[in-house]
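Okay, handing you the structure first.
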Amino acid sequence: MDSLLAGLWAAIELVVTLDPDLVEITLRSLQVTVTAVVIAAFIGLPLGAWLTLTRFRLRRVTVAVLNALMGLPPVVVGLVLYVLLSRAGPFGVLDLLFTPTAMVIAQIVIVTPIVASLCHQATRELWFLYHDLLISMNTTKWQRIRTLLWDGRRALLTAVLTGFGRAIGEVGAIMIVGGNIDHVTRVLTTAIALEVGKGDFALALGLGLVLIALAVLINLAIHSLSRTEKEGTW
Amino acid sequence: MTKFSAIFAVVISLFLPVVAAADDMRMAVTTSFHNSGLADVLLPEIKKDLGLDVHLLVVGTGQALRLGRAGDVDAILVHSRKAEEEFVEKGFGTHRREIMYNDFVVIGPSADPAGVGGAKSAAAAFQKIAAAKTAFASRGDDSGTHRKERSLWNAAGLDDAGLDTGWYRASGSGMGATLNMASALNAYVFADRASWLNFGNKGELALLFAGDPVLFNQYAYIQVSPTRHPHVKKEQAAKLEEWLAGERAQQLIGGSEIAGETLFTPNAQPR
Amino acid sequence: MVEAEALFPVVLDDVSVYRKQTRVLGPLNIRFEQTGCTVLMGPNGAGKTTFLRLLHGLVRPREGKVVWALPPEQTYARQSFVFQTPIVMRRTVQDNIAYPLIVRGAGKRQGRQQADEWIDRVGLAHVAHKDAGVISGGERQKLALARALITAPDVLFLDEPSTNLDGASTRDIEALIQAVVRDGTRVFLATHDLGQARRLADNILFIHHGAILEHAECDAFFDHPATPEARSFLRGDILL
């Protein structure tokens, strides 16, 4: 209990004084995760809807793989990306290792399957409902994808926010490919890991509470902006 | 739709490009060096004197060497002499430059059930721990500290790979995590002094044994070879080496303290 | 409706539809011409819905062919289908009705403008900007009809459009159907409401167990049904 209280106190102190380091790593956390989630949504949402609409031989396998990838261990993602982005690796010349871009790539890899899989589930139900109508109207596949994504936007927002939640709290992959460099690639989660390593549990907990508060705030903000919680609205 | 443009604007504003520093380089350092807080003293001075932003990657010695081998960093600052010499011999680094040393210490429960406090040497201390079969937390991560610990078990006439896992626990992680584990188990642990002094979760633990010259822990700076990795920033790395070995840095190193204790002894030789 | 001429006749030549190993429809040999309203009658499960879907291309025959006078890509785009249970999209009533225009490349504004005309015509103005999920069954049916008609289709398929509707709503919908038939739209309508069939049909297609038993002028069918099945159906007896 003592350390929890100390953590709470540390969090309050950090926030009230607008600690410049805290502001910096919080903004970087947001920058990395929001970028990654936006890109993952642009890939994952159409992919999920496409999987709903397309019948091909390996579809079941693809969907199963996608579902399995939702549980992809971040450390493995980080390691594979590290090997690829390392100077000694195939993409070494891009010089992306230990940059925020590398962290964004790692989070895209982690988040895209989540968004795609949840989108697939949501659009599948909707497609069951719309199937006859959209075929009758002679819609193209692209129009069907857009229609499912738009009309399923409420469930899809939840899918994207799930991805956001996973990404903002992720540490394993971005630690490896970002390197946790102060003022360059340090974000909330890697800073927490660092403080735990130093045995400074109060500061770690404080940062953790800031992280949780941030996630809650973002969710509330997006829900209220999109008014999805309003009664009778899809 | 305007709402979405508003959100989009916010998103875009998050992408404000990180202003690229005029001059920067990457250096892999060990956890123990970083935990000492010395980096916080040196980095601003480096910036002031050289106009150089040094980006630190804080990892174990093993990983630091691997980063250097792959050319992912421009220089490394580690403490594992044998591995460093091999690194340079194989052409991954230009040369090895000794900068400073600190020392390793044996930490354990303040009650000291194994009686480590009265040991004559580090090897004897390790023998006592093994004989008492009291809990011992090891890094187990092939870091410089872990390699040192293994050599001490061997010096004590024990096979470090054959130790009874009933009391010998390998955390497989960094110094901080291992100290946390030792604190939770009230176990003995082998650590560098800096990490120990800066550790915030000491619990019942206390420093029990130190001072055997075998525990001295030499840090060396190695530039990653530009022959093997043409992209490394060799001018910056060379400038940093001269600065670290220079008078000002050596003074700063010798003068840094935690809780009134000096951590590092500078010992760079002028070239 | 000038181009509509080209869509007809539609010819079904020995067409059969199967579900698994069971033939649910056919063999059908029939031909439909351009004008009028054909009402499909028959007991539940006779194959009326399948017949409509077959004509519209939603169901593929295993045997035989449904041949419209134009190639499929030109045919189906000029048809609209109102399903038995109206499919309501998760948008406002207005956007539901505008949807087919948007799909055809109309701008959002233009689509909504035209949708508003139809909203007035079918009497949905009071719910135009509500989410379509909250409107009543009758309103859903009107929505589906407006959405089907907004593209000015040459052919309109209606699958029991007034099931579960009250008298007033049924009258509204029938009036609308009569109006579009007058305007030259070819209508195929499935119903087992005898009164509705009599009010709307130019000719009647009587289906039983997946086979066409009668194809006759409306009055002829009701006054002198040719088959015993049709006679007992009209009497209200259960057909087996």
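To keep things simple, chains are lettered A, B and C as they appear, and every chain counts its residues starting from 1.
The working rule: a residue touches a chain if its C-beta (ideal position, glycine included) is under 8 Å from a C-beta of that chain, and two chains touch if they have at least 3 such contacts.
Since the model is a prediction, treat every value here as computed from it, not as a measurement.
Asker: Using mean Cα positions, find the chain sitting nearest the overall protein centre.
Answerer: A
Asker: Quick one: name the chains whose C-beta contact count is the highest of any pair.
Answerer: A-B
Asker: Measuring centre to centre, with centres taken as mean CA positions, what chain is farthest from chain C?
Answerer: Max centre-to-centre separation from chain C belongs to B.
Asker: At what distance in angstrom does the C-alpha mean of chain B lie from that of chain A?
Answerer: About 32 Å, centre to centre.
Asker: Based only on mean CA positions, could you tell me how far chain A sits from chain C in angstrom?
Answerer: 47
Asker: Whole-Å distance, chain B centre to chain C centre, using C-alpha means?
Answerer: Measuring from centre to centre gives 78 Å for this pair.
Asker: Where does chain A touch two or more other chains at once, residue-wise?
Answerer: Residues: none.
Asker: Touching chain C in the complex: which residues of chain A?
Answerer: Touch list, chain A to chain C: 126, 129-130, 132-133, 135-139, 143, 147, 150-152, 232-234.
Asker: Under the stated contact criterion, what part of chain A meets chain B in this complex?
Answerer: It comes out as residues 27, 30-31, 34-35, 38, 86-89, 92, 95, 97-98, 100, 179-182, 184, 194, 196-202, 222, 225-226.
Asker: Under the stated contact criterion, what part of chain B meets chain A in this complex?
Answerer: Per the touch definition, chain B meets chain A at residues 3, 6-7, 11, 14-15, 18, 26, 31, 35, 55-58, 69-72, 174-177, 179-180, 183, 198-202, 229, 231.
Asker: For a test of understanding, state which residues of chain C touch chain A in their complex under the given definition.
Answerer: It comes out as residues 56, 58, 76-77, 79-81, 83, 87, 89-91, 99-100, 103, 131, 133-134.
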